[in-house]
Amino acid sequence: MSEKEKEPMFSAKIWKLLTSPFNQNNPITVQILGICSALAVTAKLKPAFVMALSVTIVTACSSFIISLIRKSIPSRIRIIVQLVVVAALVILVDQVLKAFVYDVSKQLSVFVGLIITNCIIMGRIEAFALGNKPWASFVDGAGNGLGYGMILIILGFFRELLGAGTLWGYQVIPDSWYVANGGFYSNNGLMLLPPMALICVGIIIWIQRSRNKSLIEK
Amino acid sequence: MENILNIFIRSIFIDNMVFAFFFGMCSFIAVSKSVKTAMGLGIAVTFVMLVTVPLNWLLNEYVLSGGALSWISPELKSVDLSFLSFIIFIAVIASLVQLVEMVVEKFAPALYNQLGIFLPLIAVNCAILGGSLFMQERGYANIGEATAFGLGSGIGWWLAIIMMAAIREKIAYSNVPPALKGAGITFILTGLMGIAFMTFLGIQL
Amino acid sequence: MNKNSNTYIIGYSAVMVIVVAAVLSFASLSLQSRQNDNVRIEKMNDILRSIGEGEGADSAPDKAKYVKEEYDKYIVESYAVNTKGEKVEGVDAFNLLINLKAEYDKPEADRVLPVFVSRSDEGVIHYILPVWGAGLWGPIWGYIALDVDWNTIYGVVFDHKSETPGLGAEITMAEFRDQFKEKKIYEESSMVAISVLKGVGASAGNIHAVDAISGGTITSRGVETMLKDCLTDYSAYMNKERAALSAPVAAQTDESEIPADSLTINK
């Protein structure tokens, strides 16, 4: 914390914090963090989107708050303090969702609560926010949340499109294509089942690492 | 009694924490490289779930849910603290994990050396918090059901991670496409195992 | 100051707990009425949908206002009955509905269950019974609208907490729900509810059955069990009403004769 010079709001360093999670540092496909529960809500695009947004807000805000109070936290109860801050933010998000987007909050059910134990959040707090300034921590949290959300949205998009023929609840595959109406197409119900989310993540990892050889594990 | 057995079997096979809900995936993927370590983490998770789910059930029943405080005095009937449940549950889990860690370290140092490194990981294992939240959401009627659910879910998770570790020990010698090595193939394997577990859905309990 | 002294840690925790509790309580209290409203509006809308009204809720500019107005317009009465078939006085049916699960957690003899009565624009009366059961992953629930004969189904609505989208979750879709229309829940004088049969067209010509959802077997079975269990709880009351219908003149000599299909409601 010795550097005194004022950084611009979006210096190259800050910008990198925001963008690197989208590709070579993606929380899901590269860091393998926070896969946990959030995948369960990717059967449809809308809940996936709300979940992505919620995770981003919680990650960014908790990094920001922890970074603000980082010098005062006693190291012995560090984990508890972090959990309390994260849990409080998640409760706020949950209450707001219940009040303003009730039908989505019903679909997310317990998975909102599980944001608390999402490893990305604790991971970013431990790895970054405890040693960096609030603004940088906020951007780092937001970047990771967005990188995470991007995968959720990709999954939600393909699973809903291929599994139910809809997007955001609207029918996009023409009705006349369906076998029932004399067409050739039927929805792949398998896409909607939980295991397909994992297989899809596997495929995303495959594509990403084929293009970016430096990420390949030995 | 029948109901309790039912919940127990269901939570191991049908509502398996890993395959049906992806709970605890982070440690599932990180720690499933060898059967031995997977075993250690599996035991630790099962134990913590067995204790935290019934404990949180008691808290939920007598402190948190709407009207739960009426056993103190009828005037408190309208108090609904359920918005605090996330924070209370996670606090119970974190402090229990801490407690278990201290007890094990003091009385069974050998076990501590095996388990020790996993214990702090458990506090942020979604399977544990997920267990408590599902317990609350599904509204189990008594502590017996909640215990059966906690134990069954823990065993289900344990079973899953051991199976995964066994497969990964073998697959280390296989010719996996380079880009899929490690995480990629693990995801796909978990998905395939999940599909296999879906056959249990046909069991009528 | 020593950050790891016990005094500091205790003080720190105390301040943290107070701040967090204050923030959360404030948020919870200020959003609570809105949340409760959401729950009520949703239930009202489901009741309306079971009689084919309130379809414009999602496109209405103010959903809450629209649903409340429609509800006040069509739902003319609500009351509570117990499983012995008696009306229970002094209970608000809508509050019962919100805590329906609590009623089904009680032993059968203690349950008090709500009944809603609707009157359409043409003055046709329907009785709406809420039902509650378990699907594959979590609870499922619904509303059954019956004609005045307490036998023919006029319409149904189902909803669920967490059934598989595209499979079990299809119980909310019109294709599944429409099958229930015109089906009968009574065979002669015994309540048989509605069976959900596996296989396409399995229920053709059967007035007590509908087709299950392919791929959603367990949820479909859950619907069947839910209908059977819940309608059984109402059956004592329904039997009473049906008996009164078949002998209306003897039972209600002091009132003018009431044709079965245009019962008026004594509010």
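Per-chain numbering from 1; labels A, B and C assigned in written order.
Simple rule for what comes next: a residue touches a chain if its C-beta (ideal position, glycine included) is under 8 Å from a C-beta of that chain, and two chains touch if they have at least 3 such contacts.
If you're wondering where the values come from, they're calculated on a predicted model, not measured in any experiment.
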Common touching chains of chain B and chain A: C
Relative to chain B, chain with the most remote C-alpha centre: C
Of B-C and A-C, whichever chain pair has more C-beta contact pairs: A-C
Averaged-CA centre spacing for the pair chain B and chain A, given as whole angstrom: 22
Centre-of-Cα separation between chain C and chain B, whole angstrom: 33
Chain A-chain C separation of Cα centroids, rounded to whole Å: 35
Two or more partner chains touched - positions in chain C: 20, 24, 27-28, 138, 161
Multi-partner residues of chain B (at least 2 other chains): 83-84, 87, 137
Where chain A touches two or more other chains at once, by residue number: 80, 84, 88, 91, 95, 109, 193
Sites on chain A touched by chain C in the complex: 43-44, 72-77, 80-81, 84-85, 88, 91-92, 95-96, 98-100, 102-103, 106-107, 109, 163-164, 187, 189, 192-193
Chain B to chain A touching residues, read off their complex: 19-26, 29-30, 83-87, 90-91, 94-95, 120, 123-126, 128-130, 133-134, 136-137, 177-188, 190-195, 198
Of chain C, residues touching chain A in the complex: 3-4, 8-9, 12-13, 16-17, 20, 23-24, 27-28, 31, 34-35, 38-39, 42, 138, 161-162, 164-167, 215
Chain B to chain C touching residues, read off their complex: 15, 83-84, 87, 137-139, 141, 201
Chain C residues touching chain B - in the complex, by the definition given at the top: 20, 24, 27-28, 101, 105, 136-138, 161, 218
